[in-house]
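One chain, chain A, links the two complexes that follow: it is found with chain B in the first and with chain C in the second.
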Partner chain A sequence: MSMFILRRLGVMILTALCLTFVVFFLTNLYPNLEKLAKTQGNFRMTDEEVASYLGRNGYLEPLPVKYGQWMGALPGWTTQAEDGTLRGRCIEPGTPPKDTPRFCGILQGDWGYSTVFKKDVGEIIGEKLALTGRLMFWVMLLMVPSALILGVMAGMREGSRTDRTLSTLAITTTATPEYVSGVLFIAVFASTAVGLKWFKGTATSAMENPTFENFFLPVLTIALYGMGYIARMTRASMAEVMTAQYIRTARLKGVSFPNIVMKHALRNALIAPFTVIMLQFPWLLNGVVIVETLFNYKGFGWTLVQAASNNDIELLLAVSVVSVVVVLVTQLISDIGYVYLNPRISVT
Partner chain B sequence: MAKPDYDGPILEIENLSISFFTRLREIPAVMDFSVAVQPGEAVGLVGESGCGKSTVALGVMQDLGVNGRIVGGSVRFKDQDLSKMSAAELRHIRGNEIAMIYQEPMASLNPAMKVGRQLIEVPMIHEGISEKDAWARALEVVNDVKLPDPDRIMKSYPHQLSGGQQQRIVIAMALMSKPSLLILDEPTTALDVTVEAAVVELVKDLGRKYGTSMLFISHNLGLVLETCDRICVMYSGEAVETGSIKDVFDKMQHPYTQALFRSIPLPGANKNSRPLKAIPGNFPLPHERPNGCNFGPRCDYFQSGQCDAGEIPMAVIEGDDRHLTRCLRYRDIDWNAPVEAMAQHEAGKPGQVVLKMDKLKKYYEVAANALFGGGGAKKVVKANETLSFEARESETLAIVGESGCGKSTFAKVLMGLETATEGQILLDNRNIEDIPIEKRDTQTVADVQMVFQNPFDTLNPSMTVGRQIIRALEVFGIGATDQERRDEMLRLLDLVKLPREFADRMPRQLSGGQKQRVGIARAFAGGARIVVADEPVSALDVSVQAAVTDLLMEIQRKQKTTLLFISHDLSIVRYLSDRVMVMYLGHVVELGTTDQVFSPPYHPYTEALLSAVPIADTSVKKRHIVLEGDVPSAMNPPPGCPFQTRCRWKSEVPNGLCEKEVPPVRDLAPGHQVKCHLSQEMLDRMEPVIKIAAE
Partner chain C sequence: MDALSWGEIILRTLGQFTPVWIAIIATFALSITFKRRLGLYGKLFDSPIGMVGFALVMFWVFTGVFGGAFDLITTHDVLDQSASMKNKGPGTPYTKLMGEVAEGAYPYYLLGGDNLGRDVFSRMVVGAWEVIKIAPFASLFAFMVGITLGLPAGYYGGRLDTFLSFLANLILAFPVILLFYLLVTPEIVLTGIPVYMAAVLFIFPIIFLVLLWNSRFHTQPATRNLYVGVTLVVGLWLYAGIAWNADPLGLVSFPPNLLVVFVAVVFVNSPTVFRIVRGLTMDIKTRDYVAAAQTRGEGPWYIMLWEILPNVRGPLLVDFCLRIGYTTILLGTLGFFGLGLSPESPDWGSTINEGRKLLSLYLHPALPPAFALLSLVLGLNLLADGLREESLRD
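Presenting the complex of A and B:
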């Protein structure tokens, strides 16, 4: 088992390396750098000024060297300004150059400096991740149990009226993208258009003080979309299990219907949707981008949008590293969980 | 809950009719079916697939699904009408009073639940006893079904047990609440013969011990003879004959029963002098049944105006014990008339050697765990060990053994789907063991062809039959133009006795037997000289088996083909083969002519195998040899003789030689070799397994 996890960790690091290199390459294309220089300096910079700004800030070194510096595997760049002060990647304003370390990168725990937020990337990521984590937690808490209940109820009697009603519901929710359902919910529950005004249309206040009133709509918007999908998967798997011969065996043993569903069918029916549920985590990041922007909840998704639109290289890189880790960790959990659900698979 | 004492018939089915309803029409599956099971009695229900025997079983259980419904008659269990019971009352009966044993043990056990939990559930539901008591009871029953180490078994998942062990667990589950009626639906079809024999023995013993009545559903007449007191033969949804085993087997009174017995290879049948008689025509589809007698169109004694006039009632045969037949003409038919003289054939003379195997070995390396792998050491599966034999032109060599004995691996190596690990295969003195099929020249590929076990899976479902045969002709480079190939294809259809219209049909429009004929046509498309027939008839119904076997024999006679007939069915092997090779765990344990192998001295494994095969003939007396345990895994074979773990003669060999050394191959008679340590005098003392009682 530990061997398996170790191997998985290795794969994870390799994937993260490849992915960040791709992101690094794309964000370091010259037009992007030019745009960065102009937003950081001023928009009327000449080409020479742009080049000198980029040179001064270490952006013009060869790509592998820059990547190495970001990683912390190569010493950070330093330039001597005309007035004699030493500028460098690892030199923070106000500290004398000789006290600064030669290396500063991911390996040293330094995630870099965000050009948009003018703050340390590590700090931003930590803060935003906490906010989005809270959102995700409630989404999962709402989505997974209701999706499973929906799917099991629909699948245990395939073709019945309950099945058709619940299936229609599931298809509808999953066919409605977040930007449609979100807008719809705001219009119905939060605006004067319908006049219900049960909830707040913005979740900005939920960042400090989440309440049912200001937090429920974003949670519901994300949860509904994923719920339909999981419910459909669960239903299909449940319906298949219910036709299996061992269910007939149980029925002809005299087991009552509720017990057949709970004791005999459920565990078998959950094996397939489990992977899907775990896949929903990275999927949710998608929805998070839309919903956080829509409800102005300044979490991880919102940060990603800001970083991307301003070519904030180090923030973008940090975001991609975090995303890779989230995807791979959920897959690892999914594989391990699978072993526990399905006795026919063993890791030893 | 206590079960009330009752001493009338356990189960009475009267005029039961069951239909399935589809959007198009009502499909009657069972019509006017009556049978009674007395306490302690075992009744066999026999018929071909689709005759409605399993539907009867589910009808008794009142579990016909959404589409099925009982449309007439009644099912009475201990004088209570099951169809009038509420769901709760039915639940009380199911598992408690009536229990069922199913065809596929793996599929009928819950894969995600430990065996023990599945067992203790039964008494906990029905008798409300505590988990601890139920566990103790389960241990006792698992012991009763002769499973080793009950504690460990109870704590395992179904996939950790072998097929035979799983079926024992299913049987144990059925016996947990000591039911009065046990329904067995083809309980041994998925199992190997020696395992089947042990399971049947067990069921018989337990039936006696617990006094359970049994309804035994099977397509195998031999099994029914061994297990049951009474028999009911079904055809196309109706019972055609019921009676005691003795009456039905020896004094049958229905043409279908007679035809069925004539189409199974009993000892004494011979492909040349006494060929099998297949039942002509096909089984009618449920919505295409003829007027009057369902068997009419296929019956030799059919008389129009009488047999197709109207419904035919069951007639009681005077003098016999509850012996009934659904035939109007049973009094007119001379039941003792000998089988019409069938065309007799000259036995083909084996020609020169075309295929020679010399010390062929095939090992597989398996990674201990492919999915999470890397950790464990590589394991070697020894699928074939030093296989040596010769096959001659127009000879039938049967390869016999149970699953896992390496017979399919050998076929794969011969076909070139795998390459040999060691040794050589000589085809016309050319070595082909190292040439995979994609590198073989067209002629070699066309020369060595195969007929597969399951005709349902081996035809492309979206290509017409004719196209598939033409495709084979194209591959083998036969015929210069499309027209020539089409003519050749039609000739091949004639060869396998299929109407030429079938060329434009899709495989789904064909019955199993017809599909297998297409498979045979395809195999012979390139004028194959060696045909490997891998259990070619085991997926087919008895009445069709005879026809397909005869077809194979006829083509072989015409084309002087060498036929390697892989089978586990010794009856059919005895019927059609010239020489027999018995395999066990990758080793050839015995090789000789059919007569040499089927009469003593035997290899101990051959002896057990012969004893395990059920024979549907009351005049045959068999010695019972039941093998303990399962076939060992080829991944971890026992040291010494491969058969030593189950051999009943092992103690006769001094110094525990069997556990130390693989026995050498010994020649007992010209052409008869055995791989055994037993001394000559021990071998001479062996008695025949099968004796035909003097009539």
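Presenting the complex of A and C:
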């Protein structure tokens, strides 16, 4: 088991390295750097001014060198300005150059500096992750139990009218992307023109003070899209368990139907959905980006959009590292959990 | 002129779709009459869910083709702005602030006007064409890539499998939206990366077809040469035109911003197809008929393409329907974030994004494209469900 986890961790690190390098490569293409220089300086910069800005800020070094600097494996760049002051990747304004470390990168715990928000990336990511974490917590709390109940109800009598209705419902929710359901919910529940005005159409105020009124719609929008899929998986697994021999035996013994479902079927039927729920995280991440943009909730997904549309290289890298780690860790947990839940499967 | 009442709006809208109704009724009448001779497609008409799904899908396919390609259903030009129609509700008579309304123009905006005074109804109809043009082909290309790589990965296993699976997982670990933001920007188009990606991805259908013909007919060189020759000539001609925009005859070309969207969608979809095909192949390769083919001395590609592939067509067909739906959602996502397509484009994602900004005041610009997208994807999902049920039955 520990060999398995170690090997998976190795693959994880390799994947994260490859992915960050791809992001690094794409964000450091010259047209992107030019855009960055123009948004940082001004839009009427000439080509020479762009080049000198980029050179001054260490953007024109070879790609592997820049990547090494970002990682903290190579010393950060320094340039001498005309008036003799030293500028550099690791030099904070105000501290004398002698006191600054030579290396500053991920390995030293320095995530860099965001060009859009003018703040340390580490700080931004922490703050935004907390906001999104709160959103995700409520999404999970709403999505998982309702999906499981829906799936179990549908799967316990396969082919019945309840099954047909609930399955169609589940298909409908998977067919509704967040930007459609969000718009529909805002139209019905929040619009000042004709809507019911039960909830608020934006979640900006939920960042400080989440209430049912301003937080329910975003949570519902994300939860609904993932819910259908989990419910269908639960239904399939429940339906399969219900045809098993031991369930028939229990019925022939005269165990009551609720008892069969609760005590005999449920535990075995919930193994497959567990994996599915864990693997839903990467999908939820997409939903988070859309919903945070739609409801103007300034969390992690919103930050991703801001960083990507402004080519904020270091923030974007940090965002991708975090999301990749989330995806890979959930995959690992789902694999390990599957083995623990299902004694018939072994990893070796 | 007075504005239309809701009843009149519904009647007129339904009337506007007349060609679509005729086409759907004809399709269903023909299919149900001959359903016993049509294989799996015919069996679809035994399942009510499948029929509902098929009807929804065909509705949008016909709407897209008639409305977008033949200009039959639309009432106004999708880019035509009228300052006096800004944000006007459904059923408002068509007027213009400047100049006269042209003779013979449709007298109403059936579903109202958007915030630039364009006709919401016509934009929704043409939006269907934007989807129908891209989604099925993007899914098809993703399948070609996934099958061509997934079959050998599952069949041979070993290093090849490890390497390809690592690549697939790498792409899958990327958040889709981040990938879109990195790939589908004007700056990236300038660097030419999408063209190189297109060059790699679009070669797969040619490889697939050549392998397909060669493995089947290599004992009959005359037939083989004919098939492979035709595939290569037509395939490479299209390839040069679509991927490199260098068609020697100047007939085939592909607008560069559409190419980025197409490439991005294929790129995101193919790893999932790869994983499905790989898994199915690993399952099927232990069957007796594969062992029989191996004993007969058939080549590996013959076994993969002519023994294994036909036997996994059921799950693949189901996934193909789901994938078109997913691609539709992805295209909407791109439009929603304003990536790739031009801001004036009538595709559903962009119109939803535009409409949502005024959602608290005006509902009518955002809701029609939202419902359109919802019903098309729902139709594809129901169709997949019907197909799954019917293909499991035999």
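Operating definition for what follows: the second predicted complex is superposed on the first by the 340 of 348 C-alpha atoms of A that agree within 3 Å, B and C clash if a C-alpha of one lies under 4 Å from a C-alpha of the other, contacts with A are read in each partner's own complex, and residues count from 1 in each chain.
Convention: a contact is a pair of C-beta atoms (placed from the backbone, for glycine too) under 8 Å apart; a residue touches a chain by one contact, two chains touch by 3 or more.
Being a predicted model, the structure only gives us computed values, none of them experimental.
Asks: Based on the superposition on chain A, does the combination of chain B and chain C result in a clash or a fit?
Replies: Superposition check on chain A shows chain B and chain C fit without a clash.
Asks: Does chain B (first) or chain C (second) touch A:N32, or do both, or does neither?
Replies: second
Asks: Contacts for A:V219 in the overlay, against chain B (first) and chain C (second): which applies, first, second, both or neither?
Replies: Neither: A:V219 stays clear of chain B and chain C.
Asks: Contact-wise, after the overlay, does A:V291 reach chain B, chain C, both or neither (first, second, both, neither)?
Replies: A:V291 contacts neither chain B nor chain C.
Asks: For the overlay on chain A, what angle lies at chain A between chain B and chain C, C-alpha centres, nearest 10°?
Replies: 70
Asks: Give one of first, second, both or neither to describe whether A:A244 is in contact with chain B, with chain C, with both, or with none.
Replies: first
Asks: Of the two partner chains, chain B (first) and chain C (second), which one does A:L328 touch, if any: first, second, both, or neither?
Replies: A:L328: touches chain C, not chain B.
Asks: Could you figure out whether chain B or chain C reaches more residues of chain A?
Replies: Counting residues of chain A touched by each partner, the higher count goes to C.
Asks: Could you grab the smallest C-alpha gap between chain B and chain C in the overlay, to the nearest Å?
Replies: 5
Asks: Of the residues on chain A, which ones does chain B touch that chain C also touches?
Replies: Dual-contact residues (chain A): none.
Asks: Any idea which chain C residues touch chain A in the complex?
Replies: Contact set of chain C toward chain A: 49, 166, 169-170, 172-178, 181-183, 185, 187-188, 190-191, 193, 325, 329, 332-333, 336-337, 349, 352-353, 355-356, 359-363, 366-367, 370, 373-374, 377-378, 380-382, 385.
Asks: Which chain A residues qualify as touching chain B in the complex?
Replies: Residue list for chain A touching chain B: 3-4, 7, 159, 244-246, 248-256, 263-264, 267-268, 271, 341-348.
Asks: Okay, in this complex, where on chain B does chain A touch?
Replies: Touching chain A from chain B are residues 61, 63, 66, 91-96, 99-100, 102, 104, 107-113, 121-122, 125-126, 157, 159, 170, 173, 369, 371-372, 374-375.
Asks: Which positions of chain A touch chain C when the two form their complex?
Replies: It is residues 11, 14-15, 18-19, 23, 26-27, 29-32, 34-35, 167-168, 171-172, 174-177, 179-180, 182-184, 186-187, 190-194, 201, 282, 285-286, 289-290, 293-294, 301, 304-305, 308-309, 311, 316, 319-320, 323-324, 327-328 of chain A that touch chain C.
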